[in-house]
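Two complexes, one shared chain (chain A), two partners (chain B, chain C).
Here is the complex of A and B:
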């Protein structure tokens, strides 16, 4: 009877041990191009590691994940979150562009993560590139974990330069010459004009046909600033005018189509991969996209060997000799809902998914760059010639400002570029139009003359 | 026959609830919202007439108003005109019913197409490179340079895209209205030596006046509120040249998350819609027509 009692006791303890484990569900939502799905599929393996850690620590919790991949525009993505949050149905973790952090933080939709970043610093965050922490801060607090980054290189066609009589050595040195500040934007226009005049290409340049960070990057390239020393949002008239004059000059010289902003993305990619444009102001992710999407009418999706043979990339040159070249990153991040019931478990999961293995997995699949120095020396990352070649560009990178009102500057800037290219306004009149638009949307903005 | 109030309510009740829930309450909410500064925080902070004062002092508001007027007027002429022509072609001029039905079915296809796909087709048609359909056709006639339709004729692009899809609705209504006209009237007129134009002008148009008014008012109100095709095709650009009132309100609400401002702009649209409806009733002699219908 006594033995039976002991046995029953052991069984009871075991049962309590088993049943004391609580499995909690963490909801994760992601967004991006079809090549970016590793942003959330990485969590599939990360959750196994997190559960092993929890088991090893005798934690009474285990994690189960539910993932959603959002398909739609950015406005819908924002709207969806607000409504989901108010209904208490928002995901615990959400992939977000860093520029959305200000309004989400300001409204209290997301958690400040400083204490968790500190907690997991020694294993997951100690070597995150410092500029990326700046991109996820709002009012001095960290509101997100950097997930990926990228650079916006200037792509060029090596085959066209060969036809222009450039030697292999000169072509190979072209990116270095740009980095050294020996090639200016005007030099690019001259090269493009020569190629167009000789009938080697249809277009000298192509740039994105819709609003995006590229136009702000060009404003930065001409020395434009968006904040004064007190941290107030400003716009500088002179760099803005120079930026618009650059776009006007490209059109006037016949190297950029005036209808640039009305050409479809597909036609643009097709023109560049088929060698009908000498330069393309693109992004690092395009290198991967050209290998996946059949833009080329004969080759379909490009083999990477074709890319290395015919396409080169470099930083964007400065406007004046000796100047600093530029690129821009648009870091993607993970934010955490302020409603989450399990902030500790969510942050453990984020620390795991921020390990080099997962960052590299995403970077190689999507053509993005990693966010940590230890991931940049990961064997498979180093072996990948493209990402290894573009990662050093991050030294010259800039980011869009984390400011609530910035969108109201970005839209008129794009409108002004579009108006100048279409010939609807001169650069001077476009500056005036831009100022009216911005002042109407942000009455207290300072325009520096 | 006496109709019991309970029977009337039984039939009307469900629809009254739907109208209340999905039409009346949203209008009330829009009115309340327009007096707040609601933004991404979704908090109800009442600010009086600030939103109205703000947009009345913006020069862009008046540009958008003018653009809306031009867009609605042109699209209305285009789609009601095309709808009437299609209805005439498939009823009065085409005697073979299967051919007419086939033709009408083709015109209804865009209605079955998802909006994004429909807009993508128009983007391809108006593509400013030599790969665009219109530019390809023009090149066959010897035009070497491509036309940038979106910047040269932005209003034309949105009128075309909206007008074509809108025409099918009027076509169906006008077709059934024309087919319901007794053939005796037409045969009598033909016996008296009336030509096609006289028959259309003196018999068909007067006899479908009610349907014309209905389509005219319906399409105007729809066009005042339509922005989806414009959003996808031009997003209001270039330089706000295609920014119509409803798109302006959408941008305020969902691009900049200024929901209070967006509601104030929408409210203005509701008022314009109501005023327009009353004016149309006056112009078309609604009361007189109702009298005719009753006495028929």
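Here is the complex of A and C:
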């Protein structure tokens, strides 16, 4: 009897050992506007599916997630990760802009994911747009999973154009005219000047008040390139000068406030949604943000019907007639900490959250665009008027380069724009200043005269 | 006649007499101060000082009033005048705050973290600095002056200058991302100041009192506990208030050394509510800020009486 009891005990312990399930916690952190929070809330449902898969495979692991939403500026977000990483307290998965991949990969903060992309290719990644894979590569390796993308349109106020005497047909055709290359940046300035002079708006244009991809996009718009044929980083002087002259002209014509880079984000959005600015160089996500954040002093958060009635969007016009319009995508990605103890589980979770259902859920909630072809044909995505309207803009899209030294170009470019707008430097002097700054930061950079 | 004031003319008081009168009044006032009596001012001086203090206080008072009113207002006319009463801004008391689809942590664990930090700093500082202040005030030992100088030097370092060094110390001690780590940093950096403050209070307690207690049979510890400590209430109130405020309002170390949202305090929580300013809900921000001020005000109200009793005098044993 005693022997039987011991045997039973041993069997029980073995059974517990065999069937014991270990629950591991995976930390996830995201950032963005209130409209973007699906970037991490999607994981709530994804983890259930991942656990079902693990159970079906008799895996001894189950996943529990801990999510954090960071509210603050980009520099704070980066600083927080660096400090947390050193202390081993960083999240396993983190939402990041693709342009942060070079420094994170170079410093060894994040894992290369080629192995996992290959592993889950047939179910999750086979139809990711190839240009997005380019955006997440550094030194030939994939360091992140594309999470969303977007276009950066030129928003315009339809109600102001109506007051300028434009017909509904002319307003409706305006984006098409821009796409066809019939409207130039100078034409926009002329329209804005007319609206300002007639007292219809306070500002002709508003652009972002902080450093960002927009300024690089304008450099691209004026034909600027950042790489030569051999793949070396370059800056072209002529397009740079034209870009700065464009900002200078907007200020001189009284359609852009000279203190543009000192105006708060909130005041800018408020001015545009209240119809106090004719044009706004924004992003597709702003369409959703205006529906979530109460920028309008009377309406609060905008109903989408108000947006369709009063706000239009188009590609950014070329500088010359017949030119090609432009937009820019800034893909958001998920990166994985190189400290993570469970890379297999983390990547399973990423493969699940990259399924069309979650991508579409995020895109519709946040005004972003999906990263996979199979998500782009999802019924609710196809039916959505806004995403259906902005998706074709991707034909004209550009991205910021994934280059470690690029920030050393981006920062002085923004500084030069600021100096020109504030009247501290002429465009010519700003170009000289920019070149000195860039050459001191990247000695071997080629400045194409 | 010589020495007499002519009839009808104003009596001329010699300047020397006026100065002497002023000196006398000044002396009397100082004597009143030393005796711990309330100093009397002339009616005119009272009115002038009241006007000056009112003018100085108005902006501060108005900003607090604005904060309070906006926390109960659904809308502010031109951002100044409250238009509609609401409790919606105070919803964080009974439900977690939502940011888009994300639910923030409830305010209560965050308040508890803040309270724990403030109380730990207060209790530790009072305990350590009352003992060290007593030793520095009463004992003559080798290195006493140097210790005093060093404590002042440590206090002179701004916290920002020490951030990287503290980060590495906490990293080595595996105390990063823990409230314990921040508590230790706060306590160690605040103790020199509170020791110096409390030493000043000990210096003001006459030796006679201690000697009397020794004569009555008390040892050092009993003298400190039963004789000195009760006389030290204003000093303890002062350092308690300063250390509580310092712990309650701590932002920089929490912001730098804490990475987990569950461990944040009200100061960093407020910062996260502001975020990039773009999405800030001013009503909610005002309500959380008002809530954040309540314990500080309460603490001040309960300790101000003790703070104002700052006179000492020898008594017969």
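Methods note: the second predicted complex is superposed on the first by the 430 of 449 C-alpha atoms of A that agree within 3 Å, B and C clash if a C-alpha of one lies under 4 Å from a C-alpha of the other, contacts with A are read in each partner's own complex, and residues count from 1 in each chain.
Following the convention adopted for this analysis, contacts are C-beta pairs under 8 Å (C-beta built on N, C-alpha and C of every residue); 3 or more make two chains touch, one makes a residue touch a chain.
Note that the coordinates shown come from a computational prediction; the quantities given were computed from them, not determined experimentally.
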Partner chain in contact with A:86 - chain B first, chain C second, else both or neither: both
Which of chain B and chain C A:107 touches, first, second, both or neither: first
Chain B versus chain C as contact partner of A:78, first or second or both or neither: first
First, second, both or neither for A:301, with chain B first and chain C second: neither
Partner chain in contact with A:407 - chain B first, chain C second, else both or neither: first
Touching partner for A:49 - first (chain B), second (chain C), both, neither: neither
Chain B versus chain C as contact partner of A:447, first or second or both or neither: neither
Touched partner set for A:415, first chain B, second chain C, both or neither: first
Chain B versus chain C as contact partner of A:259, first or second or both or neither: first
Shared contact residues on chain A - chain B and chain C: 86, 264
Sites on chain A touched by chain B in the complex: 75, 78-79, 82, 86, 103-104, 106-108, 257-259, 261-264, 267, 407-408, 411, 415, 418-419, 422, 424-425, 433, 436-437, 440-441
Chain A partner contacts - residues on chain C that touch it in the complex: 99-102, 104, 167, 171, 176-177, 256-257, 259-261, 271-280
Chain B - residues contacting chain A, complex: 40-42, 58-60, 123-124, 127-129, 131, 146, 148-151, 237-240, 254-257
Residue ranges of chain A touching chain C (in the complex, touch as defined): 33-38, 40-41, 67-73, 80, 83-84, 86-87, 89-90, 264-266, 269, 292-293, 365
